[in-house]
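First chain written, first letter: the chains are A, B, C, D and E, and each begins at residue 1.
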Amino acid sequence: MTTFIELLLGGLSIGSVYALIALGFVVIFKATEVVNFAHASLLLAGGYVTAVLHDDIGFWPALAVGIAGAAVVGAAIEFLVMRRYRGSDHSVLAIVTIGVDILLTTELTRRMGTDVLALGDPWGNGVVTIGGVTLAETRIAAFLAAGLLITAFLLAFRFTSWGVSMRAAAENPQTAALMGIKLGRVSLAAWAVAGALAAVAALFLTVFPTPGLERATSLAALKAFPAAILGGLDSTTGALAGGLIVGVTESLATGYQSDLSFLGRGIGDLAPYLVMVLVLLLRPAGLFGTKELARV
Amino acid sequence: MSETTTTETAAAPRPATPGGTALAGRLRQPRTYLWAVGSVLLLAFPFYLDRFWLQAGLFAMAAAIGAIGLNLLTGATGQLSMGHAFFLAVGAYGYCVLAGESSTENGHELSGLGLPSWLAAVLAVLLAGAAGGLFSPIASRLRGAYLGIATLALIFIGQHVLFNAGSLTGGFNGRAVPPLSLFGFGFDDTEVLVAGVPFQSSEKLWYAALLALLLSGLFARGVLRGRPGRALNAIRDHRIAAGVMGVPVARYRAGVFVLSSMYAGLAGVLLALVFQRTVPEYFGMVLSLEYLAMIVIGGLGTVAGAVVGAAFVSLLPQLLTHYSDSLPLVSDPGTGGLAPGEASRYLYGAAVVAAVLFLPGGLTRLMKNSGEKK
Amino acid sequence: SEKAKSSDEGTQDKAGVKTGQGVTDKVISLGALTDMTGVYASLGKSVTQAQQLWVKQTNAAGGICDRKVELTVRDHGYDPQKAIAGYTELAPKVLGFAQFIGSPFVAAVEDRIDGQDKALVLPQAWSANLVGSKYIRVIGATYDVETINLIDYLLAEKRIAKGDKIGHVYFEGDYGENALAGSKYAAKEAGLTVVEQKIKPTDNDMTAQVAALKQAGVKAVIVSAGPRQAASLVGVAAATGFKVPVVGNNSAFAPQLLKTQAGPALAADYYVAASTLPIGDPGAGPAKLAKEYGAEYPKDGLDNGVIAGYNAASLFGEALKKACASKDLTREGIDKALLTITDFGSDFGMPHDFSDPAAPSTRESVIMKPDAKTPGGLKVVRPAEAAAAAKSYTLK
Amino acid sequence: MSAVQETAPVTTAPAALAVRDVTVRFAGLTALDGVSFTVEPGSVHAVIGPNGAGKSTTFNVLSGVYRATSGSVHLGTTELTGLAPHKIAQLGVARTFQNLALPPHATVTDSLLLGRHRLTRAGFVASGLRLPSAAREARRHRERVREIAEFIGLERELDRPAGALPYGQQKLVELGRALCMEPQVLLLDEPVAGMTADERRRTAAVVAGVRDSLGISIVLVEHDMGVVMRLADAVTVLDFGRRISGGTPAEVQNDPAVVQAYLGAQE
Amino acid sequence: MATLEIRALSVGYGPVRSLRDVSLDVPAGAITAVLGGNGAGKTTLLRAISRTLGFHRGTGTGTVRFDGRPLDGLRPAQVVAAGVVQVPEGRQVFARMTVADNLRAGALGARGGRKASAGALTRVHELFPVLAQRAHQRAGLLSGGEQQMLAMGRALMARPRLLLLDEPSLGLAPLMAQRIAETVQEINASGTSVLLVEQNAAIALRLASTAYVLEVGEVTLEGPADELAASDEVRRRYLGVVDETAAEDADRAAGSVRGLSRWSA
């Protein structure tokens, strides 16, 4: 039973990191209806800046610069690439972000070389043990950060005009412009925010229990895809729910892989995708996503 | 590539012109000659190029077939798919299992049906189609990003099966690919002298691949310009209206998914024949993304776009690596500069971005503009 | 056409040395298919630079057989298509391959190597599946043998005993599954039970695996994965008070990790096996190489890839010299020469015997322990030794 | 009509479209509440009513986009209720959309050809292999499309992308696309909205021409009372999802309930 | 003094010229109507004012001034900030957003605080009660006419100084069209200038003080609305048939249309 609880808590804690990454997808999707495949490289960028600086200026300032840096990179992607696209096909833009991702990842991995970079976080490998269940401090921090950020965004989307302008701009840029919405600024802000979120996610993705930031870190962003979709691509609540579901699924499937060995070993990676497919069969727009309009 | 535009005017709504004048008209176009020269070159390459270049060309042709399929799905119907690599794998492994003999290799008991290889190739394509059909509950229900990421699940499922179903797939080490043979003619590495040139598998396969590409290109073009193509575009542009116009939307979505899977299956068979061994690592997400990049770079929704994009994406790294010594900026690996691998990734990334921003419609549009009006 | 003139096998030069593909009067061409931009970039870089160093040194010393040695490197970034293309490109031009990273790709061209090309290939991979070919020669103990030696070390140190359970966390694929074969054999011999945990290279967080192994009550853990997974595993185990020794194959360590927060845990109770001495070893061979490599590539860190790469290149050189002595620099000549090499590489810790293509070149492993103070991050805790089970083990 | 050519009779005899007790509910809203009316074969039947009365909802039920909560729709003896939109289209029910539903980048020809979908057969295989049957079919139907384009006055715009046409012409393309389905029943949702008086007249004449030369039933939703009066043989008036009146245009126009709910005091 | 001054405006979409040398004034506090058939360029004119031509790859020359300040070179949002707000053709509601959020979006470009927009919202709800009832419904699910009301209401949320209306009565029931007409008048009475593009020329000419007739991109007629309303040309083409001649006219029009033969499958 403790194992189950430990796996469950472990899953929830890594799930909150996925939720943070998924939130980045959601913000951009809400503002532009584009699935941002370059999120992985934003993650690398944020982590890289933090990792390079923490020795000289200390962790918290480095993290702040990292967040700002990733925000700038995100904004730059918007300004240099996304804004220049004149068509209206969101799938095409999604593919463009793949191109951007390749460019950025190549550059960043070239810079990082083969190093494994520590981020110099204050939690180290500290753990907290409650009733025989051990949890890494970093993960508790991640859980809190994810909860906090997601609540903040939920409120911001609901109660400020930012959320409204984002959705309006995403849905119909021309009319949004006619409403006086500054299209450029809205999507610039969304990309910058997504970058900042990526930097935060990168932090929790690379601190203990994982060894540090390195070129393969961006692959972890892949795990947030099922999270984002599962919850609904345009829902902040969905990002949280999806992240947690993916984390728990993965953790349980790994922890009980001996009992599941008839499915072949190592289904930890696969399980979240299977859950995602099941959910989509029942709810094509995810758990909390906006359903497609069906009126003419 | 030439074969795809030879019938440029065939489907046009013009009143029937007597064959003679149409031919004369075509003879006056410079493009006709360009295509003719291109075709001759393509046919002559095996006599001049060495195995490396032929192999590169074969990879490109296989990719082109796969990309045509994806373009039917993503370009024409607006259904984003990131699971294309899965269907390539089904084709490749399907062929191996169907054509291979049962044997023991690297400690794996491999099962195989030992069918004639041509039949196995056909069945492998159908198998890929069937796999696409199995996915149709999802393919017909989801759209856009949701479908894109749902299909990503196929990649992970595929990888899992490839690694774990050892008796079919050979596990991590993959399976040897039985060479194709047709009417007793083997497309294997035994040397055949043709006009003094030793023909090995690459040379022989070249013609098979060229033919396969030509046929699949023409087929897709027919589909796109005909009734199904219009229905697919309608689904992309306005799903509800398409239904009201009498298009069975779910059926077409599932249908084009199956068709696109079959193209991927054919590409997979061809790739397997070129590789001579299937390896699970190959059929990962990166491959799927490459196919998406191909159709965007080449141009969405057209056959020529897929072919041009495929050639670009699969030949670029080979060119850069091969000529890394003579290119400025690019340096040999290990000497500290920009490695060719990195350089080609930069270029490839930039090409995707640039194609979308500056060439809406892709590289083919560029060619069309410089040539005659479509 | 140019292609029509058939390739001329077996010409002889003035000195009466038979030459073939990849050898001219002035140059011996070798190929290296490496990964410098993909998942094995860190290995690929060290190996390649070490081999380039070897080439430089060899040429400075007058070359081999009055010829300069030339190394053509192709980086495939762990992409099968590029790897195969690289092989196809270089195969007709080079005498053999001093390096080929990625055992799936080696397996993919195995038929061509054995069937038509017959060029010597020295893969940088230690899977038992690669053993058995006359032309593909693994340098060192294969993963299964290495794993047996690791378990032997744990038994010898009394960290585990008959009846215990041991955990094995391994990569999906060639490497992990070959190592698993070894641990299963060793477990059978020693009366242990193996608890399996299969992972993928994208898994970086071993929390769930540790929880599962803890639950199973294992007394030691073997890691046949990448350095990151090893670091995470060791770190999580230490932090959660799961105090068992962890041992890993040679690929499960990278010195960079000592700088991360997993560093202390790694230095505490983690052991790695390899078929060479660590680069930071005070012994003459590693020390000399470390110095020369450091001088050539001052910016790059030292790791065991350096020795592995250098060792492979030297082996190729050794074979070339022997082939030259028997006046046969053709591919066939090299292969024959290699079969006569039975005591290679003692400088780096243990002798290798290449006379039997069906056996690994050694069944010994050096057991090492991470140590932040040593360059390369590893120091020897048990010199080369072959466990009894490793000797009795039959490959495949 | 002088220009009508007598050809072989349509395969299916014109049939009445009977709407019986149709109710449509959405969460917390009854858009249609037990609505019944019958469209006589070959007539023009107008459905009018204030905004949000349920006219387009009626069309959505008739064309299968919405499923009625209760009630039934029959075309002749065939029940349409619950059929998928494409099945209903197969039976010869065509419609236009109040908010345009034209692909903006496709040419007018392509949009019109889409209307031929139900009448053509070429599938993936036939089109892919360019079987002669497919080619023959394509040629025949392209000719017909041109004929229809001429009939509605769009022959000069055939090669333009629909998105570049002014609003009024886009409405005509919609009408053309529906005509291309060779329907038995034609549902027109505000066909003259966004046109000048002149253009309205011409479009009305086109609709009248369709009825006269093809003899099909037309259901017309329109707020332009002039056009309704001119074209309609019968009128059904909806308000808040209920049928509040019906009859000939003249009757309806003078029904106080209709005046109060819909027309307002006439100027 | 004219609030909006358009001088020598020419607009093209690629090779297509859609407006040629158009000059037009909207005096302060007045309602000015623009009539014209399909494709005359009315929408194009409004796009040029609101600076949204770019969305259609259109380009223009000439000057547009509002209160003496040139609008050329501004971004759409800046035009809105200057007080010029357009109700786009074809409703263009944000279909996936709720009605309430659509209205909030309308207020985004406006100056003035929350209080002002709360006032505007009350006003809009007064005008179109259905928008209050349906506040939480997604706008895409509204009926066509309801969407048109939403589009109007949304524009009013920005409390414009100059309102550009592109066919506001499109798809509205006669009763509602009258309501809209009254609303426009009211808005105007409270100090907002209006540029009204309408197919329903009867309404337009009744509301407007001045009117322009656009044909194929050029201004062919202009003058006080009542004078134009009396002109034969306008009566025939834009005001439609008067009842007595309806039958006759319809026949004439029908006669001009060739019949369509039946399709024989």
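The rule is short, and it goes like this: a residue touches a chain if its C-beta (ideal position, glycine included) is under 8 Å from a C-beta of that chain, and two chains touch if they have at least 3 such contacts.
As the structure is a computational prediction, the values presented were derived from the model and not from experiment.
Novice: Which chains are shared contacts of chain A and chain D?
Specialist: B, E
Novice: Between chain B and chain C, which partner chains are common?
Specialist: Per touch definition, common to chain B and chain C: A.
Novice: Using C-alpha centres only, name the chain that sits farthest from chain E.
Specialist: C
Novice: Out of D-E and B-D, which chain pair has the most contact pairs?
Specialist: D-E
Novice: So which chain is the furthest away from chain A, centre to centre on CA atoms?
Specialist: D
Novice: Just how far, in Å, is the C-alpha centre of chain C from the one of chain A?
Specialist: 37
Novice: Measuring from the mean C-alpha position of chain C to the mean C-alpha position of chain E, what distance in angstrom results?
Specialist: Their C-alpha centroids are separated by 75 Å.
Novice: Mind checking the centre-to-centre distance between chain A and chain E? Centres are C-alpha means, answer in whole Å.
Specialist: The computed centroid separation for chain A versus chain E comes out at 43 Å.
Novice: Specify, in ascending order, the residues of chain D that touch 2 or more different other chains.
Specialist: Expected reply: 56, 65, 97-99, 101.
Novice: For chain A, write out the residues touching at least two other chains, lowest number first.
Specialist: Within chain A, the residues that touch at least two other chains are 86, 106, 222, 265-266, 269, 294-296.
Novice: Would you give the residues of chain E that are in contact with at least 2 other chains, written as numbers and ranges?
Specialist: 141
Novice: Pairs of chains that touch, anyone?
Specialist: Chain-chain contacts present: A-B, A-C, A-D, A-E, B-C, B-D, D-E.
Novice: Flag every residue of chain B that touches chain C in the complex, lowest number first.
Specialist: For this pair, the touching residues of chain B are 47-52, 55-56, 59, 106-107, 163, 171-174, 176, 189, 195-198, 275-277, 279-282, 286, 314, 317-318, 321-322, 332-334, 339-342, 345.
Novice: Given the complex with chain A, which residues does chain C contribute to the contact?
Specialist: The contact residues of chain C facing chain A are 37, 39, 41-42, 45, 172, 195-209, 211-212, 214-216, 227-228, 231-232, 235-236, 238-241, 254, 256-257, 259-262, 265.
Novice: Quick one: which bits of chain B touch chain D in the complex? Just the residue numbers, please.
Specialist: Listed in rising order, the residues of chain B that touch chain D are 10-11, 13, 218-220, 222-223, 225-231, 233-234, 236-238, 240-249, 255, 259.
Novice: Considering the complex alone, what residue numbers of chain C touch chain B?
Specialist: Answer in residue numbers: 1-4, 6, 34, 36-38, 45, 48-49, 52, 73-82, 84-86, 88-89, 92, 103-105, 107-112, 115-116, 129, 172-174, 177, 396.
Novice: Touching residues of chain D toward chain E in the complex: what are they?
Specialist: Its residues touching chain E are 1-5, 7-8, 10-11, 26, 29, 49-57, 98-100, 119, 144, 147-148, 150-151, 164-169, 179, 182, 189-190, 193-202, 204-206, 208-210, 212-214, 223, 225-226, 230, 261-264, 267.
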